[in-house]
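Letters are used for the chains, namely A, B and C, taken in the order the chains are written, and counting of residues starts over at 1 for each.
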Amino acid sequence: MPTLRPGTVRRYAVGAASIGVTALLWQWAVTGPLADKPFATVPEILGRLRDFAGDPLFWSSLGETFRVATIGLVISVVLGVAAGLMVGQSDLAYRSTRVLVEFLKPIPPIVILPLLVLVLGPTGDMGIFLVAFGGVFPLITQTAHGVHDVDPVAAETARSFRLTRWQRIRTLVAPTALPFVATGVRISASAALVIALVSEIIGGAPGLGKDLVLAQTTGDYPAIYALVATFGVLGVLVNAVLAAIERRALFWHPSVRSEVTA
Amino acid sequence: MSERQVRLSIDGLHKGYGVGAARKEVISDLTFDVHAGEFVCIVGPSGAGKTTLLKCLTGLHPASAGAVRLDSKVVDGPPRQMALVLQEYTRSLMPWLTVEKNVRLPLANLKLSKAEREQRITDALREVGLSDVRTSYPWQLSGGMQQRVAIARALAYRPEVLVMDEPFASVDAQTRADLEDLMLKVRQDFGITIVLVTHDIDEAVYLSDRVVVLTKGPCTVDEIIPVELPFPRDQIETKSDPRFVDLRARVFSRIKASA
Amino acid sequence: MTRRLTLVALELWLPVVAVLAWWLWSATAAEAFFPPLREILERFREMWLFDKFVSDVVPSLRNMAIGFGLASILGIAIGMVLARVRLLREAFEPLMHFVRATPGVALVPIFILILGFGSSMKISIIATAAIFPTIIATMDGVRSADPVLLDISRAYQLSRRQRVTKVLLPSAGPQIFAGLQVSLQVAFVVMIASEMLGSTQGIGALTLLAQQSFAVTDMWSGIVLLGLLGYLVNLLFLLVRSRVLHWYDGARKAAKE
């Protein structure tokens, strides 16, 4: 546990003060100049968050959102790493798939959402498919890139020692590719929660996102802001957990700090 | 030499970092003068605080006590009459600017006519022998050439004093010799005062009018050794001169004694 | 020459086969949700070239361009200020990371409540959602500027303006562009989402409405257009990036050799 230095204490103090000031400003604005607009007061929002804590429906929505995000992510990791390994190990496969992957990668999952809703309906399965689609391309390219990055001299050596395919993957490919895969997992994981929420907000699948749309249509303003605040907190937590895992698992590798475009 | 005008004077300079028990003295009561047109090299054992001294000299860091004066004016920030060349040539040039734009950048604020400004750039690049790579980027050039760009940038700025921090420590031996001779020529052509920090004793003796030897940190002046070798100097002739060999031995023994 | 042709053939055979396979399969499959590709392309031409081009495609792209443009300019400016002023940075950092972690799509319902369904709502939500990646990237980029360059800038008495435009911004350029690319993707997604949630105008709205009224071929043609746009917008961005950052790519290549 690092000791708190004066600079750190100051930073927390300033950060806390600015959150306090923001809350006061918000309260002043929504009770004063914006009173007739669709806002909610700070006590209303906090009260609703407290209600959420004791509301089993809230927890089941939260659980559903997490279930969709997690299963979708796991599928994208399994498929993405498998495809990336195949694509990365052979120059032929790499070149053949490059155009297709590069074309599909920048297309955000929301584009195929109407099709998925049509085929699968507004369900959790639809959300899982969407999360998997959104996460799979970063993993394919990162894994393929990592496998491609294997030192040619080391690869030559491995061949001359007549290592089996499996031995080669374990001793040579895996250590080189792992940091790249980890970066891909982080990109896909931080996108997973967002995509799950998109599948609920726009696709109508059950979960916190659907609750938000419901609150909007019924004009339940405190619930809207309480839910959006919940999303923010969840996002911060997920990012913090991912960063911590990455620091612990890959502190030794410089490539981890590559540019990330999620 | 002593009757000449004092350009740069370092007077009882102290510099330390941190507060209380964590305070570390780096420079302790340092005093010496540099005369107009003089070439002074500063050498000292590693960890003596040469880089800190240089930051104080150029006004990048404030002195803790004492003062640096340029033409009897206290230096309390980087002065207009000073230019700087650092060891890390890859980091001290802007990689997004071409060679000539790098040289031009500091000139934009000087009140020069366009013709005058371009003339200065042309002259400076010719002086360092880079007239034909004006539109290249620094990273397209070799290390020695990049350092020449940094020198050209300093020359076009027309400083009275040129301060250099280990400028040739990161280039190969042949390039290093070329650049040393370039600096002697620059001093001759432009008549500027040069203060050069180095850890290389041969280089210090070869270039200097005087060598300032620092003690181990917190550093102060150990000895100032005049180098009365004739100009023009030559890499082979000068370095085989018995006086050169003596001087080198003398500087070396001072550094060894204080380390 | 033949080698080049082989390479091109190697890169293109799979996409060609994939499209052909889709064409042939969908022509005979008689699947309700997967109409023949020939019909999709026909519908694509009828809808977008140029029947609904002015009424729907142009407004969508215009909203995104304005929203992303505002996010870029303001994001870089705010990021620069936050990098330079410690108190502001410390005050806004926690809030900023919180807002950035909130999905932009989740803010769309709130913006609809406040601003209605018009272009101003769409532009505002696009700009708001897209600004944070650029702010954070600019701030980090400016703060990680090489101290040696800052020393040089001070020693040569560069003006504040020179320091910002000639030193800090270019040196943060690679990070700023990484942030801008994320911002652009967010802008594209939020453009679609802002149209899908209750608007009747725009590519996203038409595509979702087609799905809801089981006009499957129309929906497919919308998906194809959105997919193409997603790809082309990113491509355009990469072209601009490589022009602006050619020095960076060159320097990195030089360092590798």
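By our rule, a contact is a pair of C-beta atoms (placed from the backbone, for glycine too) under 8 Å apart; a residue touches a chain by one contact, two chains touch by 3 or more.
Please read all numbers here as calculations on a predicted model, not as lab measurements.
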| item | value |
| --- | --- |
| Reference chain C; chain at largest CA-centroid distance | B |
| Chain nearest the overall Cα centroid | C |
| Inter-centroid spacing, chain C versus chain B (mean Cα positions, whole Å) | 49 |
| Inter-centroid spacing, chain B versus chain A (mean Cα positions, whole Å) | 52 |
| Separation of mean Cα positions, chain C and chain A [Å, integer] | 18 |
| Chain A residues counted as touching two or more neighbouring chains | none |
| Residue ranges of chain B touching chain C (in the complex, touch as defined) | 55, 58, 60, 77-78, 80, 82-84, 86, 88, 91-92, 94-97, 105-106, 108-109, 137, 139-140, 153, 157 |
| Residues of chain C touching chain B in the complex | 146, 148-149, 151-152, 154-159, 162, 166-167, 170-171, 173, 247-248, 250-251, 254-255 |
| Of chain A, residues touching chain C in the complex | 10-11, 14-15, 17-19, 22, 37-38, 92, 95-100, 103, 106-108, 110-115, 117-119, 193-194, 197-198, 201-202, 209, 212-213, 215-216, 221, 224-225, 227-228, 231-236, 238-239, 259-262 |
| Sites on chain C touched by chain A in the complex | 7, 10-15, 18, 33, 87, 90-95, 97-103, 105-110, 112-114, 174-175, 178, 181-182, 185, 188-189, 192-193, 196-197, 207-208, 210-211, 214, 216, 219-220, 222-223, 226-227, 230-231, 233-235 |
